[in-house]
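In what follows, a structure is listed as structure tokens, so that the remarks can point back to it.
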Amino acid sequence: MGRFLGQALAVARKDLVLELRSRERLVVSATFAVLVAVVFSFSLDPTLRARSFAGAMIWVTVIFAGILGLGRSFAMEREQEALSGLLLAPVDRGALFLGKFAANLAILLAVELVVFPVYALFFGLDFGGALGGLALIVLLASTGFMLLGTLFAAVAAHTRLGETVLPVLLLPLLIPVVIFAVSGTQRLLVGRPLEEVGGNLRMLLAFDLIYLFICPVVFGSVVEE
Amino acid sequence: MSGAAPEPAAAPPVEARGVEKWYGPLPAVRGVSFALAAGDFLALFGPNGAGKSTLLRCLAGLARPTRGEVRIAGEAVTGGDGAWRRDIGVLSHQTYLYAGLSAAENLEFYGRLYGLDRLRERVGEALEGVGLWERRGDRVRGFSRGMQQRLALARTLLHDPRVVLLDEPYTGLDPHAAAMLGGVLERLRDGARTVVLVTHNLSQGLELASRVAIQVGGRWISDEPRAAVDAHRWERVYTERVAGAA
Amino acid sequence: MESLKGTLRWAYALSALAAASVLATFWMIFFYAPTEREMGIVQRIYYVHVPSAWVAFLAFGIVALCSVGYLWLRDDKLDAVAVAAAELGTVFTTIVLLTGPLWGRIAWGTWWVWEPRLTLTLLLWFIYVGYFMLRGATETPERGKRFAAVLGIVGAVDIPLIHVSVNWFRSQHPQPVVLRPEGPAAAPEIVQTLLMGFLAFTLLFFALLLFRYGLERLRARAEALRVRDELDRPLSTSQGVLR
């Protein structure tokens, strides 16, 4: 078990070090997210109370920014076929998956740390005392997103279409995450208490647990030659 | 451990049994069987497209044979994780290196994956062995092809594998790097390690090998001990007959 | 490769049964089931719409099972069943998505409404699309089959999750129009017609599945023969040629 986690950690660390040095995924995703917020600002009727649909705007932005960043997740493994080097090592394929997933999640959370404040700023949102609940929703939804995202990023990296096939594959599968994350965020935004989003949190957690089991298991079939 | 041999030490370090690899309807390897003994140095020659790289990938567990099987030290090779992976080191013309990491970081990463102890020390020794100690902190991105291949070689041998598989390692190397590679390969002929070298470099291959084989069209058309082969005649006939068949 | 004679025999047998039951169904639809009070003759689309939905999801269930089997055993026969089921599933899903709005236009006055089951079917359609995209987009066909199998498994797990989430979403946002896609309460003739429809469409599905499976296996066989022909130039070398 210790070896498994150690390997996953080594992979995650390697990905994060590489990302911190080049920052390309972070910059691309975050810039995209901010620009989407800008576009929304101009396209929406300013007399509308943004509070009533901000949750939707934010999560749509996060999903697309996240998919953008995912596209690059396996790109570095394609250079010099580093993935083959990884597969040669006595690494549990599930540990390999979890390491990549953890790095992807960290990067997504960093992007979300930009998205939420930016939307709050542009649309005059007040998250007030709901930060704790919000953090939970963000964490659980992002986990589900990155579990499926990492798996299909590996798939996409080995197709001729590459990253462009990611939205087609992921968006239908992520509907549950979107539905529960948006409604939870929405409720917290309008000041509902944390108990009311308990159902949302439980469903997101169930989603996460299911794929936390399935994705590492099928990952081996995806990356083998 | 499989039930193939009464004691693990008796099992051949590398064994292929009826290995076939088809990509859809196209065959790359069409029935190759052989077994190496500890200390063997096999040089595998053949024209481009003969499937030598594919065979090597099957030996390394990077490609799953359509039929037949591969065994490393008696253990069956699969596409997944396995203890036998500790026993093999693979050097390809792809370096498997991360351009954004430094030389030392690349080796440390792989070392962690192999679960090596005394990691810092071993990385240091490996870098010195290929003459890259001074560049240990530099990003691989700035390395020349020769330096990258040297680092890749260090990575291949870092975990001290019993079986070393090399796929045309001389490709694109400058004379200095090629000489260094030759030196390392010489040292691999230590009687305990088993080496498979796929190469176009006839003279180098013949010089190092204890066993010589030729693969054409996915099959082995020749497999002989080095001692039974007359080097000059062999080179001439090979260049005429086989290399022209590509 | 395996002989397909048995498959073909079963396919013909099932086709005969399917043809009979489909004819019976349509007879029942037009002459046996009562005309619905509010919507008249158009309501009969329902007898095509619902069985099609059943087949669409049954097909995906088969895709999922064969996908698990394929990843585990790597048997091309399982993949052949999967792709056959997926193709048919896509067709029936499309039928659902076409008959639904036709019904909806008459029943609710709009072409589309985010009714949970229709939404779920729409997403199923997209997953099928993804399935075929993956099959066609890889360097080697074998990898395409593997990737499609992964999507088949993940998709099958996701469908119930989508179902739950979409239903929940709807319960939070009650629609002004009262939706009763089940149609009028269960007069026995209606139930019988519906059941006949289920039987007929299921038989039709399996008959077509067998034909399509046979076609896929024949295609694989033809491809293998074609390539073997091209490659079997005799190798003019033998042992010892280089001595």
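Just so it is clear, A, B and C label the chains in written order, and each chain counts residues from 1 on its own.
To be clear about the criterion, contacts are C-beta pairs under 8 Å (C-beta built on N, C-alpha and C of every residue); 3 or more make two chains touch, one makes a residue touch a chain.
Computed from a predicted model, the values in this text were never measured in an experiment.
Least step count on the touch graph, subunit A to subunit B: 1. The greatest centre-to-centre gap from subunit B, using C-alpha centroids, is found for C. Taking the mean of each chain's C-alpha atoms, the chain closest to the overall C-alpha centroid is A. Two chain pairs are in question, B-C and A-C; the one with more C-beta pairs in contact is A-C. Between the Cα centres of subunit A and subunit B there is a gap of 39 Å.
Taking each chain's centre as the average of its CA atoms, subunit B and subunit C sit 47 Å apart.
Look at where the CA atoms of subunit A average out and do the same for subunit C: the two points lie 31 Å apart.
Chain contact summary for the complex, subunit A toward subunit B: residues 3, 6-7, 10-11, 14, 17-18, 21-22, 76, 79-82, 84-93, 220, 224-225. Partner subunit B is touched in their complex by these residues of subunit C: 140-142, 223-224, 226-228, 231, 235, 237-243. Residue ranges on subunit A touching subunit C, taken from their complex, read 148, 151, 155, 158-161, 165, 168-169, 171-173, 175-176, 179-180, 183, 199, 203, 206-207, 210-211, 214, 218, 221-222. For subunit C in complex with subunit A, the residues that touch the partner chain are 71, 123, 126-127, 129-130, 133-134, 137-139, 143, 146-147, 149-151, 153-155, 157-158, 161-162, 164-166, 168-169, 172. Across the complex, subunit B meets subunit C through its residues 23-27, 214, 216-217, 219, 221-222, 228-229, 233-234, 237-238, 241-242.
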